[in-house]
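Once you scroll down, you'll see the structures, which are given as structure tokens.
You will see chain A twice below: alongside chain B first, and alongside chain C after that.
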Partner chain A sequence: METCPRSNNETCPRPTRGDAFVVGNIGDARTLIPILASDSPSSYIVALVFSGLVKYDTNVELTGDLAESWDIEDEGLAIVFHLRKNVRWHDGHPFTAEDVKFTYEKLIDPAVPTPYGGDFKMIDRLEIPDAFTVKVIYKEPFSPGLTSWHMPIMPKHLLENESFVTTKFARAPVGTGPYKFKRWKSGERIDLVANEDYFEHAPYIDRYIYRVIPDQATLFLELETEGIDLMSLEPIQFKKLTDTRFFKKRFKKFKYPFFGYTYMAYNLKDEKFKDKRVRQALNYAVNKQELIEGVLFGLGRISAGQFVPESWAYNEDVKPYPFDPEKAKTVLAECGWQDTDGDDWIDKDGKNFEFTILTNQGNDMRLKTAEIIQRRLKDIGIKVDIRVLEWAVFINEFVDKKRFEAIMMGWGLGREPDCFDIFHSSKTGPGEFNFVSYSNPELDALLVAGRRTFDKEKRKQIYHKVQKILYDDQPYMFLYVPDSLVAVHSRFENVKPSAIGIGYNFIDWWVPKAKQRYRY
Partner chain B sequence: MIPILFGITLISFAVIHMAPGKPTDLVTQLNPKVSMEAREKLNKIHGLDKPLYVQYLDWIKKIGRLDFGKSFADSRPVIDKIAERLPITLLINVLSIFIIFIVSIPVGIKSALRKGAPFDKISTVAVFIGFAIPSFWLALLLISFFGVHLGILPVSGIVSLDFEKLNLLQKIFDLSRHLILPVFVLSIGGIAGFSRYMRQSMLSVEHQDYIRTARAKGLPEKEVIYRHALKNALLPIITILGLSIPALLSGSVIVEKVFSIPGMGLLMFESVFMRDYNVIMGILIVSAFLTLLGNLLADIAYVYADPRIRYEK
Partner chain C sequence: MKNKLMLTGVIIIILLILAAVFAPKIAKYDPTYINIKEALLPPSEEHLMGTDMLGRDLFSRMLFGSRIALTIGIVAVGLAAVIGVALGSIAGYFGGKIDSVIMRFADIMLCFPAFFLILAVIAVVGPSIFNIMIIIGLTSWMGMARLIRAEILTLKTRDYVLCSRVLGASNFFIITKHLIPNGIGPVLVSFVFGVAGAILMEAGLSFLGLGVQPPDPSWGNILMEGKAVLGVGWWVILFPGLAILITVLAFNLLGEGLRDALNPRIK
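Then we have the complex of A and B:
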């Protein structure tokens, strides 16, 4: 439990139990079977109802959850987890290593339509020497494997004889997490109640209510009338719309780092973008700070490559390119791009430098970013068109089939820095994530080494190099890391944003008796 | 009727499947933790790797047994998903039809009787505004005014968070408060349209010989209007109202989204974005059925309004 700050000599307010926490979100959950839940609403609920073996602490270091500790054995070939004893499922049944084994078997079962099997395919076998020890033996050392065990563990005794496609469990889950499932009214709300027996300690807030409010504008109006207690905000809502006395009295606004970034990806098969000097020049020509001011209202930072500053893999020595259109012009001229026919557009071999940026519909920030880039590139004589497409069309017809010159997109990243799937040259097939067709043998080798190394210092050095090479090669124009913005009702105490977000200590949030709004 | 339904399903099935994307995409796309094998596995499990005509035949065979299949999103039977969403959609639509009827008929009559009078002019302007207003915009303005500024009506949803703890009377009151704005927004376009039809219909009836006869034989004006003119003027309105059910149903997609009403319209909206084929097709069949039902009700209403029509053997 969090303690009072030392400097505070007044009597420390004791957390009181009670009240409910109401969250609003635009989508309903789809399934509460953890290994099938892939959309964010389902994942929110699953994270409260279930626990994994490991989790991240506020310093973005892995720490035990259902596992008390673990050892790495046989030079990284095996991970041995020592599980917590006396943990019980919400129905009272004891939690044991059998449940971990069961979860693993379902993750690699071809009949279970789980999207998370990938990391677990690297496992050779899983052994349970006793009821509270799990030994995972990998085919080869695989360090991202440790992180993959944040995967929520499912109860064997309830699911053993069930089909994962039809089971009632999907709408009435039983886990080991801080909240117990109560009920689910489709398209309307999901109710959770505090788990008195949660192994860390019982949460202070009695109820967690997840409301489905499919319209963004309505969601904000609900926030204004205190119909919901938490909402993620857009930069404009954070800066302008919530800047009222009324709002400040009722809500606290928080910003914390987002693990991800927005980028413009080039199709590296395209003649224009094959030369890395051209890609570097384009980055020099774009004012990243201006994008942050204009699009994010200042609520973000310039991206310096694949990793965000909070990640241990982040390399301080990689500095984003400054805004220097003159340098961009010089470099482009060196590469043969000059305005030879006096039409204000630079050209080479009789062809003007022009390309189209594709992006998906419904993301206003990406569109605005593209528009500002369009203007900046015009200044150095490059003609840019923008085309906005519906998501499914954008991905299926253009990204997967590599029918694009440049696309505006973003990555949301995990805490594990492994980015093999995004940048390794073997991942360029249709529908795979290296859709820019990036290939650099040196980087390939580093990505493989990063996966095989457990020692954190060594991994740090590897990923520092990865970041440097990627930023130098500019397969993407790395643009910005937006801040995560959120408003929380001011009656909640102990809300402390950290590098891993805001919800990590939800069981320690509490409301003073006098301010409680809901009674049960 | 069966061939029509068959045609509807064939065309809808083809159109939905022609749109790029598959139900499995949302799960698998741009998630670096999802492997290619996992994606193919998902497609296979859902039968999406088969040729399109095979998928259609599989689907139509199941429909023959009244089996609507399962949702791709959560594997629940489509029929369950629709059943839990349909009542609230029916409720707001029936209420809207009722409101459209009781508002537009008097307005239409009044403007027709005093054609060119201030009331007629004002209602004409109001009708055009009603037609032109985008319903999502009107909905947001109303929520902002009544829900946020005045704070007298709820912002969204169909019931309050503490609904279970209320007694029956309070429950009815709570539900009604939540329904006021959605039903109003859903009715506004219909009121605009139907008051125009009513006005037109009334005007054309007024110049008929039997109205002149009625007046000539000295009937009171009230009787002329309400017994002789109105009955005849209502006939075309009933037809149009029966046909307007699809429009109302599609209108409830927008209304349900803005007001967070967990009805069938919202389910349709979500399913289209997820390319949840089975649910989309299920909703289309239910809507087609409701439309046919609406036409049937209109036919029955004729019997009462028009003594010339009798469905006899």
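Then we have the complex of A and C:
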């Protein structure tokens, strides 16, 4: 133990084993094949069952996971990983470089529907000189390459003759991570048990139980009755419902920066939104501080572009647009949008300025945000409709097919600032992430340069410019960065949120014997 | 006793209609005016029913919500009644194959759980007050069609119908002048119950976020917001809940009263 909370004359408690940790969430996992898991429930489980070659430490620097160390060679063209020896899969089979090669081959296999292939298609070839060395050679210097190897590695001996679409492995995975898969009852719960042979050390908590409770209010009731030990709180729950003595005695609340932001995206193919001055004017017309107070209860910050303030790529010099409806009106008038027919809505070429914001059902915060924006834009003469859609319909029928004028969404980001997939003009195909059809040659060049540069200082300069251009161009109305809000049962020791979240040191969490609630 | 209950229902409904008609006159505030600084104020003289999470006056929203509830209830069921009476009387009067086709179609429609059918249709055409009225109307005519058909089956053998036919009246004339006016009683009762059902249906859809879209206030979507702030602002969920309860009760009381009044056996 690095810190001891007790006074000096008491001996420092040593971590004891036992107990279970029960997490509640509104969604069930979809698949436990790591390279297919793109929804957050699946990712939570995958992160505990599998390991990648590298991971982040609490200073947001890369450190070894399945790789003990690595060398960068040929000015960034090649990475040589030295793997840990004596690591075993949960079924006892030894882990080797063959598994890494297998995972790579599946990532670039066109028959495997993985959303993570992009970074790995930059690889020219992958060699395994011996059982514990992997050499990756890129086509051109590719700085996000190293980070991309946090991708969980899959066991070749279990999957080489399986189809990724039909394999049973998707519901009964075998990995090298701190927890072993035990069972999965669809729509109800997933059970994991501690892996005694985990290569760092065996986790202290015996079981990890993931419970599916598909409603935020029910989830909160379940938390209050101690049926679950951890849940993400909504701002209103964090601020108004959890300050009771009852709650404080049983739970600890944590607030830490979230890596991501909420935005309203414009369809840039739409005539109305083609002029960037119009997009800037809309940002002037919306009071971002009002959104933070009204929707997040003050638990968040104004977003100034693609990066969050905690990121090393964040540009301090980019300042949010102030709330200035008069200026918005002036700019719109310069662009030809004025109320010429006296109906209180601004118009141009005989057409009123009106559009529809689409958002998904079940997210109260996005809906509230849309309602406030709707009201503020009405004040400057723009008519906004809101339409709420069921999630799958929203993504498949409207976002992917670009059938929208504006959408309310959010991005969760990694620590790597590369945002080629979101904003490069080549990424506008169906289902790709540049669904707003944004295109700016200057930004394209910067995004490519950012991927080719390894020197962190130089990359910083590049991404500072990226943020500046993006914020000036406003392909999205960048809105806010919410805080991550979590409640954890107070019996758990060693819970320490950091820049990389809360679960990173889960294997070091433990419960004193007297407080343990579950026996196995 | 029955009459007193019915009278209560009628009074409540009249009050509701007055509230809906004069909503802009009664409401002190714009129901869509957002003022974050006044969010979640409890009921007071300023705000009779308090304010919601975005600081909008709940009383004003409830008043405007009553317009939506009543409009959807009456228009949707009105549409259902027109379709139901037309199809039911044609089926009952002509009988034979026409009857089989129409009534089997009604049976098929009845097999779908209405709420989920409506959810699916809304997902395709998009939610709006207009669409909701149309969809509820198109999916709830079957009961009325059955009622009017049953009435007409007995009425069409009466002597005065025969007489009318002998005198050379057209089928259309017989159906609209003799049969429907004489057989409309049960449909009227069903209409009143139907309004209550449609109001509930709209509230349910809006509660799921798939009904009336913001910023238009509907009792259902106010209720949905109330769920999120339950424990902080009880008033946001109490008032729309009560409003739905009382309105549906009132229509049901009226419906029951009407049924008894129109049923000669009870008199």
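Basically, the second predicted complex is superposed on the first by the 477 of 520 C-alpha atoms of A that agree within 3 Å, B and C clash if a C-alpha of one lies under 4 Å from a C-alpha of the other, contacts with A are read in each partner's own complex, and residues count from 1 in each chain.
By definition in this document, a contact is a pair of C-beta atoms (placed from the backbone, for glycine too) under 8 Å apart; a residue touches a chain by one contact, two chains touch by 3 or more.
Computed from a predicted model, the values in this text were never measured in an experiment.
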- Is A:322 touching the first partner chain B, the second partner chain C, both, or neither of them? neither
- Message: Output check: A:371 vs chain B and chain C. Expected answer is one of first, second, both, neither. What do you get?
- Response: second
- With the two structures laid over each other on chain A, which partner does A:241 touch: chain B (first), chain C (second), both, or neither? second
- Message: Just checking: does A:361 make contact with chain B only, chain C only, both, or neither of them? Give me first, second, both or neither.
- Response: second
- Considering only the touch criterion stated at the top, classify A:429 as touching first (chain B), second (chain C), both, or neither. first
- Message: With both complexes superposed on chain A, which partner does A:209 reach: first (chain B), second (chain C), both or neither?
- Response: first
- Message: Per the contact definition in the header, classify A:217: touching chain B only (first), chain C only (second), both, or neither.
- Response: both
- Message: By the touch definition at the top of the document, which applies to A:187: first (chain B), second (chain C), both, or neither?
- Response: first
- Message: By the touch definition at the top of the document, which applies to A:393: first (chain B), second (chain C), both, or neither?
- Response: both
- Please tell me which partner, chain B or chain C, touches more residues of chain A. B
- Do chain B and chain C land on any of the same chain A residues, and which? 217, 393
- Task: Would you pull the chain A residues touching chain B in the complex into a rising list?
- Result: 20, 22, 27-28, 30-31, 38-39, 110-111, 113-119, 121, 165-166, 170-171, 185-189, 209, 211-215, 217-218, 221-222, 224-225, 227, 391-393, 395-397, 414, 419, 421-422, 429, 431-433, 518
- Task: Please name which positions on chain B make contact with chain A in the complex.
- Result: 19-21, 25-39, 41-42, 45, 70, 73-76, 81, 84-85, 136, 140, 143-144, 147-148, 151, 154-158, 161-162, 257-260, 262-263, 266-267, 269-270, 275
- Touching residues (chain side chain A, partner chain C) in the complex: 216-217, 234, 236, 240-241, 290, 293-294, 361-362, 364, 367-368, 370-372, 374-375, 385-390, 393
- Seen from chain C, its contact residues with chain A in the complex are 32-34, 36, 39, 53-55, 123, 126-127, 208-210, 213-215, 225, 227-232
